[in-house]
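Structures are listed in the sections that come next.
Each of the next two complexes has chain A plus one more chain, namely chain B in the first and chain C in the second.
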Partner chain A sequence: MSTAANAGFSLMANLPALQVVVPMIAAPICTFLRFRNGPWAFALLVSAATFWISVNLLMQVLGSGDISYEMGGWPPPFGIEYRVDTINAFVLLIVSGVSLITLPYALRSVEREVPRDKHHLFYAAWLLCLCGMLGITITGDAFNIFVFLEISSLSTYMLLASGRDPRALTAAFQYLVLGTLGATFILIGVGLLYIMTGTLNIIDLAERLGPVSDTTSVRAAAAFLTVGIALKFALFPAHFWLPNGYAYSPSAVGVFLSATATKVSIYVLLRFQFTIFGDIPAFAELDFATLLLPFAIMAFLVGSTVAIFQTDLKRLLAWSSIAQIGYMVAGIGLGGVDGLTAGIVHLFNHAVTKAALFMAAGAIFLRVGSMHIDKLAGIGKTMPFTTLAFVLAGLSLIGVPTTVGFISKWYLILAALQHGVTGYAIAALVLASSLLAVIYVWRIVEVAYFREPTANREVTEAPLSMLLPLWALTIGCFYFGLETGYSVDIARAAAQSLLGVTP
Partner chain B sequence: MSIETHIQLALLIPIIGLVGIVLTGRIPNLREAVTLITATANAINVWSIFPAIQSGARPSVTLFEMLPGLTVNFTVEPLGMMFAAIASTLWIVNSIYSIGYMRGNKETDQTRFYACFALSISAAIGIAFAGNLLTLFIFYEILTLSTYPLVTHKGTEEAKRGGRTYLGILIATSIGLQLPAIIWTWNLTGTLDFVPGGTLTGKVQGLSAGLLLALYMYGVGKAALMPIHKWLPAAMVAPTPVSALLHAVAVVKAGVFTVIKIIVYVFGLELITTESATNWLIYAAAITLTLASLIAMNQDNLKRRLAYSTISQLSYVILGAALGTAMGVVGGGMHIAMHAAGKITLFFCAGAIYVALHKTEISDMKGVGRIMPVTMFCFMIGALSVIGIPPLGGSWSKFLLMVGAADAGFQFIIGVLILSSLLNVAYLMPIPLRGFMLRPPGAGDGPVKVQEAPLACLIAICITATLTFVLFFLAQDIFDFLLPITVAGGGQ
Partner chain C sequence: MMEWLGQFNYYVFAILMMAGIYVAMSRGNLVKKVVGLNIFQASVFLLYISSGKIWGGTAPILGDGLTQPISNPLPHVLILTAIVVGVATTSIGLALIVRIKEAYGTVEEDEIAEAEALYEEELIRAEEAEA
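On to the complex of A and B.
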């Protein structure tokens, strides 16, 4: 523990370490809790604790500036430094918040979709995954990012494959192959940077990279890192593991991962692009974020188009996620404070929206037992509250004003308009993609409300443990769409700190 | 109560009514009572704002700040006041009519019907009172979404198809054209507020001005400027009370209201009259109003004929705004009120004929006037008002539009308006003529048995028909009330 801890353990001073350590230690304990609902209750408790820590960290950062925490009291760049600034405090909050709100929901979903004798392992994997994602986000050490990335990836493979649907196994294997590929690329990138600079601390890296920046090795490192990270967040055309992964895993896993995993990877991209490579003149003419822009545009166009033709509700949502990732990367690619704000705020906005949609889908799956769109006929009558929440969150996906989706698109289009004629074209494409979203959301509405219930007349409304988190998120879609003080201001502050612009 | 509270209440009362309607859904009599009470309370509340606006006040309420400088704000000015007053007053009449129609027709899901109706009215008032483009856009979308269940009310394949066209066109144009126009405006001026005299003056000229105007005009799909008009005939699958209030009054009027708002308060009349690149709108409106009248002549389905007639009449309003002269704008604004009274009467009659006789095609309506004399007489009054014959309301607004066209130097527009009035005669008058002159088939030579629509329907029809007559004498008041919007400073 830190020097401060030696003088007397101070909880508030050690929050950065606790953020990761609490779920990490909790995970193995969880495997011993083999009684009914024990693992679940424990995971919920741990999640609540990590959320509390995230809230406090964000408040500390907003109140008194960036936090630098020396793991084990070793000063950087020799020891591992945990560094909390506005952007990763924001991502920490998203990740732990989503975990906290998804766990109450998970109870019934997991009961039904995961064999009972594996519950303790499931929740242990959940906590490990949480630990990995929080670790990636909080650490200030490039190699440490890779370590936590592996922790989160391995536990993700487990979570994806934990359901009863055998198709989940192939999906998990697909992700395993691509994820390993991505992780290897990242490792190679980090290795190259280490060879060139002799340091792994991110702040230190950024300083020492200057003199050697115009070398092939550093360029190669940047390329490996960018491609490796893009694989992890399923940027088109490296997206094909995602639909199957989200569609065939237990519903709660889909909710949790869709709202967090890709967001964390995009954070890593931001960290490497802006904190490490940001200030280097040699990269000015070879801007990796801009190179990603065409892929981002393809992602939202292809993602939205393919979503229209899906017959499985969860796959439809997963394809829509691919499109939404495109929006985030497009914001980052467009650059500037507006562009980055659009990208970062969409991390949060999409987490709220998509978690709500996957929750609704999971609740329907629990009652209907199928995700085939034809089986959802008349669901608006048999499960009115779930379906209404789905429609409202769907409006946010489209980007109707008063929803969070609108806020993201507004900033994205404003950022695009600063790029002249190309920008106008991008703005037009963003709007076109929104219209595609209208089509795929409305397909569900028509089936749900206008077709008579056929096979599933006995379907009843989802249990309260699912409805409450679902509606909390749905209301969040609108609350944060009207009251943007938290999300947009924090995202803007994060964008400014990444770009080194003083507000 | 302060005037600001009244503004918030105007939005809130229909929502409270909605909750009441849903809660009392199982007891139809109570539910209808809730609807009527809500509608009446709402109208009283809206009218209580009127005197302040007349004396030059422009009360304003800000609810949220969505983004820096972008607020959800309501500011009441004369045009919005008039629109809100029309929508809220006609809601009472329409509720009376709905009770007769929905029960007479034994429609299902009536609770959903009344609930969505209340929500639509709240949205229409939100549009009327919107203080900036963003707020207007929000309520514009809410209006589209809340009327969708009403359009598809019957749930048949045809209703679903109609609903898809309705939603598809309105959402696609608003997100695809109107939203970019709003963002463009924001980019140019840094404000989306409605400001008397406009905010775009000096910020945009030439081709860009024409293009921006086009994005707005076609983006406001509810104004049904051709070729963005197909949704209106498609929406005619809805039950007639919906067609009457929403598609003759609230929804389409929200469209042309938005058009006037944008031209007066965003572009500014000075920009519209001096910038020749915006003149295309005059021609587009003239073409729409003529073509729609021609198409209306070929429609045998009564509601579809009325729908095309509505498209034509909407372009009168757009035309008035596009002319950019004081008389044109006031004439256009007044036409919102005059046409609302006339067209709601026509739709009420069409619905009454359907409830009583189950006839929808004009060719089947021989002798209907002898079976339903009151209904057909009121239809004739409504038709004469839409055509523009004194002493009925529609005559004044058309007169003002002609004066406005002359002021703007577009003399040919006078010719277009006269031609259109003649076309109106040609497609509206045959209906009462056939109704009264011909004998119903199979009725023999004796007296025809009178078989009128339910009483609630008849009461509503008589009220609106009387209204077209009363409005003729109120024209000067409406004129004085609206004129301030055309002068610099907005008459504050």
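On to the complex of A and C.
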């Protein structure tokens, strides 16, 4: 600390700490801004700053390798180390980018769906949630992951319950019970690892775990961690809070959480699975990511099937999210550079696609006041730009070539085909699930374009503050589908660094 | 016998953990679920605290006469954070229960499901009346 003070404060050298500290300090300040649109403008400003920091961190990592930052000047493994490598720089960029692009959209949605006297608290919870997710991603300390996980979870419960629909309350409570169980499982897992090795630093853990790896305690730790993390990202049997949570909370919350929360938990899975347990021979035959594979396959089959039968547009999208989480975990479970690339690139691709779809749904909700699919008759004529964006993003959800969804599925199937007969079966199931996606996207197209609008209802196009972010993401679905240089190359580099393979 | 006594804390941890999860999962009353979660979290506090303690160990304060073995203070500090998290979770859980009670007039899971179904029916009826 003293050396830093002597040398003067260097902004660029302290970016890893600022990434988390800026939104953390901004959140309480936000609660004091009670004037109209003040909290919103402040949150937008802070989000822009965190996005700028993420971009710079990614540049630094790609330019000059991994960054190790000593929090408070205490050297690792004793102090808390913030460690930025390719994969978490990528996830940081996704999280802060989604927050930045969702906030302009949030203005109108929150105005309508959150009581006016609660706006400052809503945006404070938003910033805390952002801080928690960035913290989980950037930290190199296992216990710190738990702390930030709880910061983001506690604010997520608030965000989910901040709307006017009482059904969101029960969903938030279900998630509170399940999320606390999951986080406490992670706490037990970290505790067992600490008891066995005496360290909490992730790099140090990976090195010291070798001699004690073939013990029941370490295996139990791995099991607790895997189950705990799977509970946090709503893998198939633990998904029941998610549809109501995303559907009945304010639209902006659905956009933000569907694009970030599950992604960050999947990153934590990757971190524990590969950085800590990756090099240990005892885990070669008992690979927990592979054990998750059947659940992942069930997730995308059940998710896509149930989505077809939904009558509420946002619930349909939420069920489709459950299916998409299945694809990501399937990629990780298949393993190998291709499988991991598929899983990691789908983190980004699904964030872009699902954020666009939830934005379109939220814009329709703002104008129509209902999410019931029958009420959306003729919406293609009354809200042409919103509906067109929805359909284009829907194509990406299906995985039509030239969209980002295609890139993810291409790599997922490529990875599956390396696994012999079971691999062919998995590839076939992925294709079947994509066909189910065609059905549920088509249902919306049919209602929106081929039915006459209800005459007695005045519906106008969504406001510009919603259309611009929506179209930015929709164009992103195609831009990153054609220009794969950014997303796929970074994901591949991340997969290689996790597996310890030199390119 | 002595070995069993030495691991007494860990047996209590396992029993409390199971009891906590069981209560949080099986009870229909939301307040009881929060109580279950609290028991579950408290059991993990016990795991951490037990792991840092050694027989005859003293507090690690620098100075003269530090000849005795010392207990590891780190797990105790870590669990302080987890206790704070537990308090925050309980308060948010209870706040949600208050709002659920305001919205549906009950804190029993099955009755909430019924009230929710009624709410959905009313919503559809209101929309039909409007159209």
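Annotations
In this text, the second predicted complex is superposed on the first by the 494 of 503 C-alpha atoms of A that agree within 3 Å, B and C clash if a C-alpha of one lies under 4 Å from a C-alpha of the other, contacts with A are read in each partner's own complex, and residues count from 1 in each chain.
As a convention for this text, a contact is a pair of C-beta atoms (placed from the backbone, for glycine too) under 8 Å apart; a residue touches a chain by one contact, two chains touch by 3 or more.
Model, not experiment: these values are computed from the prediction.
Looking at the shared chain after the overlay, A:36 reaches neither chain B nor chain C. In the superposition on chain A, contact is made by A:184 with chain C only, not with chain B. In the superposition on chain A, A:147 makes contact with chain C only, not with chain B. Across the interface of their complex, chain B is touched by residues 395, 398-402, 407, 410, 413-414, 417, 427-428, 431-432, 434-435, 438, 442, 446, 449-450, 481-484, 488 of chain A. Those residues of chain A whose C-beta lies close enough to touch chain C in the complex are 143, 146-147, 150, 154, 157-158, 161, 166-167, 169-170, 172-173, 176-177, 180-181, 183-184, 187-188, 191, 194-195, 370, 372, 375, 454, 456-457. Partner chain A is touched in their complex by these residues of chain B: 64-67, 72, 134, 137-138, 141, 145, 149, 152, 155, 160, 164, 167-168, 171-172, 175-176, 179-180, 183-184, 186-187.
Note for the complex: chain C touches chain A at residues 17, 21, 24, 30, 33, 37, 40-41, 44, 47-48, 51, 75, 78, 81-82, 85, 88-89, 92-93, 96-97, 99-100, 103-104, 112, 116, 119-120, 124, 127, 131.
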